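Input: structures, listed below.
Each of the next two complexes has chain A plus one other chain: chain B in the first, chain C in the second.
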Partner chain A sequence: MTVRSTWPWLVGMLVVACTSFFLKRSDIYLLSLCSVYLMATYGLNLTVGYAGQMSLGQAAFLGIGAYIGAILMTKAGWPFWCVLPVAAIVCFVVGLVIGFPALRVQHHYLAFATLGFNVLVFLALRNEEWLTGGTFGIANIPRPTLFGYPLDTEFRFFWLTFASLGVLMTLLWLLLRSPWGRAFAALRDNPIRAESLGVNITAYTLFAFAIGAAAAGIGGVYYASLVQFVEPGPFHFSTSLMMLLAVIVGGAGRFFGPLLGTVVIILLPELLRASTVPALQFMQKWYLVAFGVAVVLLMVWLPGGLLSLGDRWRRGRVGQ
Partner chain B sequence: MSEFVQLIVSGIATGSIYALAALGFTLLWQAAGVINFAQGEFVMLPAFGMLICVSFGMPLWLAFLVTCAVAMLVLGWGFKVAIVDPLIRHGVIPLVIATLGLSIAAKSTVRAGYSALAFPFASPFPEGQFALAGVTLSYADVGTLVLAGGIVVALQAFLNRTVTGRAMQAVAQNADAARVLGIDVKRMVLYVFLINAVLAVVTALLVTPTYLAKFDMGDAIGQKAFFAAIIGGFNQTRGALLGGVLIGVLENLVGFYVSPEYKEGVALVLFLFVILFKPEGLLGRSEERKV
Partner chain C sequence: MAAPIIAFDKVVAGYTPSLTILNETTLDARAGEITLLIGPNGAGKSTVLKTLFGLLTPRSGEVRFESQRINGMDPRDLLGRGIAFVPQGRNLFGSLSVRHNLELGGITLPRGELTARIDEVLARFPRIRERIDNQASTLSGGEQKQLEVGRALLLRPRVILIDEPSIGLSPKLVQDVMALLRALADGGTTVLMVEQNVRTALKYSNRALVLEMGRLALDRPAGELLDEPDLNRLFLGGHARPAAG
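And then the complex of A and B:
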């Protein structure tokens, strides 16, 4: 990933963000929601795309972050900025623990192990009413203030979320350009060779999960503050599944893959839902069908994801 | 005591349903190297198939046969030709992702095209209970146990005692060697896909009366099937059986004695323990790790 190929994406993100000056409240809310999910999918891209581990449990980390945010901000009255590191650290530690099965098993086993973890977290969120409010959830989660300046409107909160996403992406980018990033790629491409070259694959496997989980945990706190209400529903394993597909559809192991994938899985269906044109509403009903079929076709024709299209095109031209 | 025996019996009955779905899973993995994440939807679709047939006035047995035929064509042959054959050369993960996509497509098709509601489904067995040696048993449990058990035994006999069955096992063990011996590998692999489709329809017949026909009913059954397969040992057909029954019984016991809310978590915890301490499964042999 060179700096030159990066700036069109950054400009694109900024342009989309600047449309928030003209959008109505519900659309700005949608952009914030996208940013929140992007924090989680960027974490997942590190785990899945760069370190090559399978994970179907990312929604559980988002949920843990969101509930930590909800509980600490409503029941304990903690400020947003103190909750953020707590959620990140808790998810980091849980991510380390979830990484342990990855040391024993790979691929589909790991997919089901992480999926199992997600189902357990979902059951706990739904059943431990004394803490999580069960299916009723937790309401009235406050929006944060920054140096006494309230970030309570959709517009202000969007810019906070967007800026935080930018910080998170920058940190991940720096991480991936450091020797750590090379170690993650080595772990993905050939773990045995990586180990023979002195890469501690145990530590890097665990950290791949832990860092990915911490990013989702941070996203979770923003989620709680954005929606101002949490219930177990959004943290079902089907969300994990969609996040994994977002990463893979966009292009696993490509820095801007999750950006494209999240547009496909979050933004497009929501825009179709919100539209008043009957034809578009009809499309909304069948959107997931088309999406599922598209995933199958994509795997057949373009296993590297949408962003590998550019590579293939370039390779084709060189070939001629 | 009698309630304990009842829990065990109905647990084994439920477990044998899981085992049926898990059996298809392991067969596909052994013979074709396919992990089917849409296995749950392979059960859900026939359930709706039978529901639609019955709504056209067919008796249940006819609906079952018609659905079997359609399932063999679509979920057996069609699945193999349209999805597995083009993808198998890319390795396990693209196929896993493709079957995840397939599962989303199948669920959303039923939800958007048919209904998002849960539909009751007639049990193939009579209602009511009977007492045997002081233990009350329901006809449905016993019938499920007999039918599922019978199918598993028949399948084992087919795999171990017939020429075709042994040829299929040979393909599962070493496709190249089997080809050298003159076995038609492609045909044997196709048979496995057809058997998987039929097993899915039988699973649907047995499980839908309790689960109800709903677009997302496959989530639970697909997971249980996979967990059962792993717990028992992925490279052993007997393993699927043991895993399924173990999950069914433990779920019943935990649901009754410990906490009904966490009944769904039993399979997961068991599964996590197995992959941490004996990743090849309880009955499985460890496979050579390929570099």
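And then the complex of A and C:
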């Protein structure tokens, strides 16, 4: 992906963000939630799309980040900005450990190994009440301040989340344009060939998990501060499936794939459900059915995701 | 006669404990020569290369590079010691550009040195230079093989192990690839090659080793073997005369 090809996306993101000036509080909240999930799906895209390592455990890292944020900010009184690196480092280390099964198994075996991890984390969050509050969760999580300026409204917190997402995306973009990005692609395409070139496939496999997990952990801290309440439900493995779906629907291994996928998977159902357009009001009852059918059709006709439409169109033109 | 740079001494290796491919294989390759490994399917030709490059660990016996034991050594360490491997088939990363494929070949080099090495390789392959920013999958078969060899040369290896370089190439391109390997050997690089296109490969090689059932069955100068009337029979697994020397 070239620098030039990123501009339309960046302008599009900025335009969407600027609509927040005219949106209701609940819609701004939805945009913030979308930005938080984007942090996690961008991490997942690195693991799954670029490095080719299947993962069904991303919601667990989001949950670990969220609970670290919730516990440290409410019980220990740590400021948001100190919690962020702690959550990132803890998730990075846990991601390294979770990467080890990938050195032995691949594909659906790896998917089940990571799914098992997600289930374990979910059970720990639900059952370790002394630490996590169990199903009652942890409430009153504060919003951060920036140089003494409180980011306590939905609008202010959205811009913080949006700007942080921009920083995370920039860092991942730089990483993927470096030799690391080439090594991840080599690992995904053919590990044996990669090894014959001297790519340390053990290290890159582990880092693919660890970096993806750290991104989700950071997203988790933002989630805790956005919702101001955490309980285990949002970190169930069904959320991991939803994130994987977002990556695949957008286009796994394409930089803006998660952006498009997350918008489609999170925003579209909400927009359909809440639509006030008369022609779309029947969607308030049928939005999940319509959404399910659309995803099935998309996977059948465009297994490379929505962003592969451009490639298909170009191939069609060459064919003519 | 050049000194052996690679030696297998009674090496036993295989892909599973119950499947032995190399059966006390003893052979060597000499510095600055092209040594051609031939034999029927399943004779262990590719297994020799994989064992030499650390992708398989010998169960017994000794693999030596420049008289030093390298049994089961990590491929990255072997690259560092000067052994490069071009596996069978298409080995490029098709979704990456030509430049990025070259950069992957030099991933173990310091960044500053990599740029100079890529320029050095591109000077040898002008056609690749012209297509440096193209996606690797858009190159022709011959260009892809040139790029694979060029990528292997980035680390300035002293030994190149190359498995079936002619697969999928037209006869003209096969000649070009063989001429390139000959030029490398003439420049001092040792080439150990597995090739099914035996007659063409023999014309460019110094020496031919015939493997049968994981053992060395014949060791002859390539020119002599080219005149062998029973070459096809040998290649397909017929009885061979004992190894020379």
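Operating definition for what follows: the second predicted complex is superposed on the first by the 297 of 320 C-alpha atoms of A that agree within 3 Å, B and C clash if a C-alpha of one lies under 4 Å from a C-alpha of the other, contacts with A are read in each partner's own complex, and residues count from 1 in each chain.
Keep in mind that, in the parts below, a residue touches a chain if its C-beta (ideal position, glycine included) is under 8 Å from a C-beta of that chain, and two chains touch if they have at least 3 such contacts.
Worth saying up front: this structure is predicted, and the values here are computed from it rather than measured.
In the superposition on chain A, A:25 contacts neither chain B nor chain C.
In the superposition on chain A, A:75 contacts neither chain B nor chain C.
Applying the stated contact rule after C-alpha superposition, one finds that A:315 touches neither chain B nor chain C.
Of the two partner chains placed by the overlay, only chain C lies in contact with A:186; chain B stays clear of it.
Contact with chain B, but none with chain C, is seen for A:54 once the two complexes are overlaid on the shared chain. More chain A residues lie in contact with B than with the other chain of the pair chain B and chain C.
Of the two partner chains, chain C is the only one that A:197 touches; chain B does not reach it.
Counting contacts as defined above, chain A residues 192 meet chain B in one complex and chain C in the other. Interface residues of chain C facing chain A in the complex, by the touch rule stated above, are 53, 55, 75-76, 79-80, 85-87, 91, 93-96, 100, 103-105, 107-108, 111, 151, 155. By the touch criterion given at the top, residues 35, 37, 83, 86-87, 90, 92-98, 100-109, 112, 219, 223, 226-227, 230, 259, 261-262, 264-265, 267-269, 271-272, 275-276, 279, 291 of chain B touch chain A in their complex. Within the complex formed with chain C, the chain A residues making contact are 179, 182-183, 185-186, 189-190, 192-200.
Looking at the complex, you find that chain A touches chain B at residues 54, 100-101, 104-105, 107-109, 111-113, 115-117, 119-120, 123, 126-127, 192, 238, 241, 244-245, 248, 285-289, 291-296, 298-300, 303.
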